[in-house]
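Shared between the two complexes below is subunit A, which has subunit B as its partner in the first and subunit C in the second.
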Partner chain A sequence: MSTGYLLTIFTFIAIYISLALSLNILVGFAGQISLGQAAFFGIGAYTSAVLAIRYSLPFTIDFISAILITGFVGLFLGLPSLRVRHDFLVLATMGINFVVISVFKYVDFFGGAMGLVNIPAPVLFGISFRGGVPYFILSSIYALLTLGLCWYISKTWSGLAFQTIRSDEDAAASVGVSSARYKIYAFGISAAIAGGAGSLYAHFIGSVFPDTFAFVESIAILSMVIFGGVGTLRGPIIGAIILRLTPELLRFISDYRFTLYGALLVLMMLFQPMGILGNGSWLWQKLHPNNRDVANTPQMEVK
Partner chain B sequence: MPILEVERVSHWFGGLQALKDVSLYADREILGLIGPNGAGKTTLFNIISGFLTPTHGKVIYLGKPVQHLPPHQIVRLGIARTFQIVKPFANLTVEENVLAGIGMPYYAQFRGLVAPYRTTANVHTASHLLELTDLQNYRNAPANRLPIGIQRRVEIARALAIKPKLLLLDEPAAGLVAKETLELANLIKNLHQQGINIILIEHNMRFAMSLCQRIVVLAQGEIIAQGQPIEIQANEKVINAYLGQE
Partner chain C sequence: MDFAQNLSNAIILGCTYLLMAAGLTMVYGVLKVLHIAHASVYTIGAFVGVLVYSWVGNFWLSLLIAMIFSGVFGILIYRFSYYYLLDVPRTVPLIASIGLFVMLTDLLQKPFLMGPYQRAFPAGGAGLPRIDTPWFSITSKQLLIFSVTIVLMVLVYLLLTRTRIGLGWQAASLDREMAAAVGINLNRIIALNFFIGSALAGAAGVLVGIYNNSVFATMGDLPSYKAFIIIVLGGMGSLPGAILASLLLAIVENFLVASIGYVLPRDSIAFLVLILMLMFRPHGLLGQE
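Moving on to the complex of A and B:
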């Protein structure tokens, strides 16, 4: 394996860590299952691509616009979550995914099925960031910033409010949490981060095509969150790493690698449904025997 | 002026009338709300706390109509409640459940998005509430793994965390053992002495009679009696309503 190839994989992993963490805000923190995260990823990528190609705007502006515009679209597309219960939300977010892809595909402005190509490499402080180590560092910084933001959110009242609506919306209302408001926040924040990841992706690859952001991609991102351990910060990270690496490591069995990948997912859900590093998982208890879920629970006198 | 007035409230669930022209008031007291199964007691609590909008009628709190407000706004006015079927935040510890209540003033403000919740002052307030409800030993326990009696106390502690003027308790003694029931009665008296007004739904007649200064009896959606515990005990309609059930 060449260094270039490895760096490409690592850059992808960094981008997918941001994506998995972004979806975790929605699914893990606020308890809103979404099968549409790739749509936000795509909106960020296309925003950035359009601004760079059609308007020749510099990377910084493309990137920040991708975050803001996708965040704004997220607020708006979060509205269905106010009207529908969990199982329908899954369908609604799927729908969002299909709508967004069709827009990319059938609106000429977005390049149609041919996508948008020749997206210039980002230039920051006079340095060009095409591929290699610099781009890996750039995307790692973004992943770290995302992690920091998620950590900070979990310490704030809004983080606690997300937990309450995930647990029980009536109980949340009884302590003054408007679940509508906080669902919209979760969609907005989650989408904004995914939008930034999309921008990094577009400038990394240099081109965007509609199918990259299709429904299967949403499933892939959700798998990372659930595989690693939904609701924790470590889970989506480890999920993104393992699920991005496995197909690469299994390349030698070529055709069967996705069969194995699928089997891995199924086994995981059967035996460790909380995710590989989720609270209460076998591995997490081995690594971290003092975690509060087991150790600090007082012995209950159950009659 | 009473703290709370319910004015001619009726409520329909589709074709079923759960409340028929109910009027009552609550003042600086422990008010008991009793009645057989399906009488409409919980429905009335849901209406007062904003979880349901009554089909007809008004709820006046501190002189202002509030029946159109959603629950997360009602609670900001100082009306807290517990649930008949307990709903603690299962994914949070007991302490975090209480902190979630302490956060009530923040959730509607921008500050809530950026202010950390686990401050020394907030943890201190939470500790105080945990002591008051005798939960200090369960501080770090996940709320969903506790026996029902303790989960009920967690709900009371969480409700107290919003600093209520009016506290609605929906069958707080249900599922408790005798000793716990006694402790609960003491807690409720204590809260009342601290100036919190309480409306209590109760099935256990003896418990209600010993605790409440005044009692309202609902049966099949209608108020059939109200008055002092002694009067209620002797009231023929009440006896019939309860006998009819058994």
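Moving on to the complex of A and C:
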């Protein structure tokens, strides 16, 4: 196993940690289940790719625009969540994913099914970041910043507001928490982070194709959050690491890795529905026998 | 003439949507689970159908065996996953269903099952005639889809409205706990529910496989996403709603494609319809609060 190969895997893990944490804001904090996170990942990647290729803009501008534009689109696409709840929202977000992908696929400006290729390597402070250690550090910094933001959200008043919306929207409204405003915030922040991850991905791989951001990818991101432990900070991180590493470690049976991946999810739901390290999970209780978190386990109630 | 032809094509398309959506909406009605793995049942139905057809060469026998196999497979899915997940937060069975779907889709693509290639399903119209009128024509394959759908839906309707177990099903889909409280054997009802729904999906797989003369491992993906749109449009868990929504979606798709052409693929048109409709009717066309 070469160092280059390992660094590529670690860079991907860092990008997926940011993605899983971003979806966790929506699903874990605000309780809005989304099967469309890959759409935001894709919008960020395409924004970056278009700006870099068609307008030859430098990485910093691509990256910041990807975050801002995706965040803005997220605010807009979050609108259905104001009207639509629960299982209907799951399907609406799935629909958004399909529509976004078909726009990438059928609009020539976005390169169509052939995608956009030859995205230049990012240059920061005169250093080129093509692959290797520098890019790993860059994406790790982004993952750390995301973690910091999530930690900040969970510790401040807005974290509390999210929690009340997740538990009971009507009760939240009765104590003056505008569920509409916070849901839209959650969609916006979550999308913006995923957009930044998309930009990092596009500049790392050097090309973007519509199918990379299809519905299956949304499933993969949601699985990371649920697998690790939804609503916690450690959960999405451990979920992203395990689910990205497993296929690599299981290369000797690589033909069956998705079979295993699916089986893993089913078994997880049957035996540890709170995730590996979620509050109330077997492993977390072993690690923290007296943790008071266990008493007020956040439940994702979908009524 | 174009209008009548488009309409008849749309109705045939709607029939295939309906067979797929009926099972999903039935599962949703009783279990309140988004049964994403339904796509795999559809594919397995088509696969068993094409295998049996290649051995015996009789369409009706292969349809029957495919339906029974799919139905039993549906019960197994229930017994080994959702059965344990009835009283937990509803995201749990959703994720389990996604896991099943990922696992089955991958397994089906393995060489010892379907492999990564397409198979032909040359059953033609099973001997049915072709119908030509001055306004439109129906090919024998289309007639086959139409008649099988009608017969199956009438059978399901009679089963659910005229038998004791059907009444139990209706009670369970209104309120599962209440139904159990008045002595209805829930396990039997839910197993029946999965059997019927999965058998219908298997039939849809066989019919679509014949219609396109092609069966492949990922053929269930798009129809199942479509079926989700349909059960939302029709109000989750409502069978009459699913019938109406299947026809409506097929008609809207066909006429949009016929009048404005391929601006976007028809599948994303369906999702746009879904999102717009949800904005105005958040509980579906026929759904209630």
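We take it that the second predicted complex is superposed on the first by the 292 of 303 C-alpha atoms of A that agree within 3 Å, B and C clash if a C-alpha of one lies under 4 Å from a C-alpha of the other, contacts with A are read in each partner's own complex, and residues count from 1 in each chain.
The rule is short, and it goes like this: a contact is a pair of C-beta atoms (placed from the backbone, for glycine too) under 8 Å apart; a residue touches a chain by one contact, two chains touch by 3 or more.
Given the structure is predicted, the values throughout are model-derived calculations rather than measurements.
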Touched partner set for A:H203, first subunit B, second subunit C, both or neither: neither
First (subunit B), second (subunit C), both or neither touched by A:F98: second
Contacts of A:L222 with subunit B and subunit C, given as first, second, both or neither: second
First (subunit B), second (subunit C), both or neither touched by A:K183: neither
Touching partner for A:Q163 - first (subunit B), second (subunit C), both, neither: first
Which partner, subunit B or subunit C, touches more subunit A residues: C
Which superposed partner A:R244 touches (first subunit B, second subunit C, both, neither): neither
Subunit C-contacting residues of subunit A that also contact subunit B: 300-303
Touching residues (chain side subunit A, partner subunit B) in the complex: 155-161, 163-164, 166-168, 170-179, 181-182, 185, 231, 292-293, 296-298, 300-303
Footprint of subunit C on subunit A - complex, ascending: 33, 79-80, 83-88, 90-92, 94-96, 98-99, 101-103, 105-106, 215-216, 219, 222-223, 226, 230, 255-256, 258-259, 261-266, 268-270, 273, 299-303
Of all residues in subunit C, those that touch subunit A in their complex: 28, 32, 34, 81, 84-85, 88-96, 98-107, 110, 225, 228-229, 232, 236, 262-265, 267-268, 271-272, 274-275, 278-279, 282-284
Touch list for subunit B against partner subunit A, complex: 49-51, 70-72, 75-76, 80-81, 83, 87-93, 96, 99-101, 103-108, 111-118, 137-138, 140-142, 145-147, 158-159, 161-162, 177
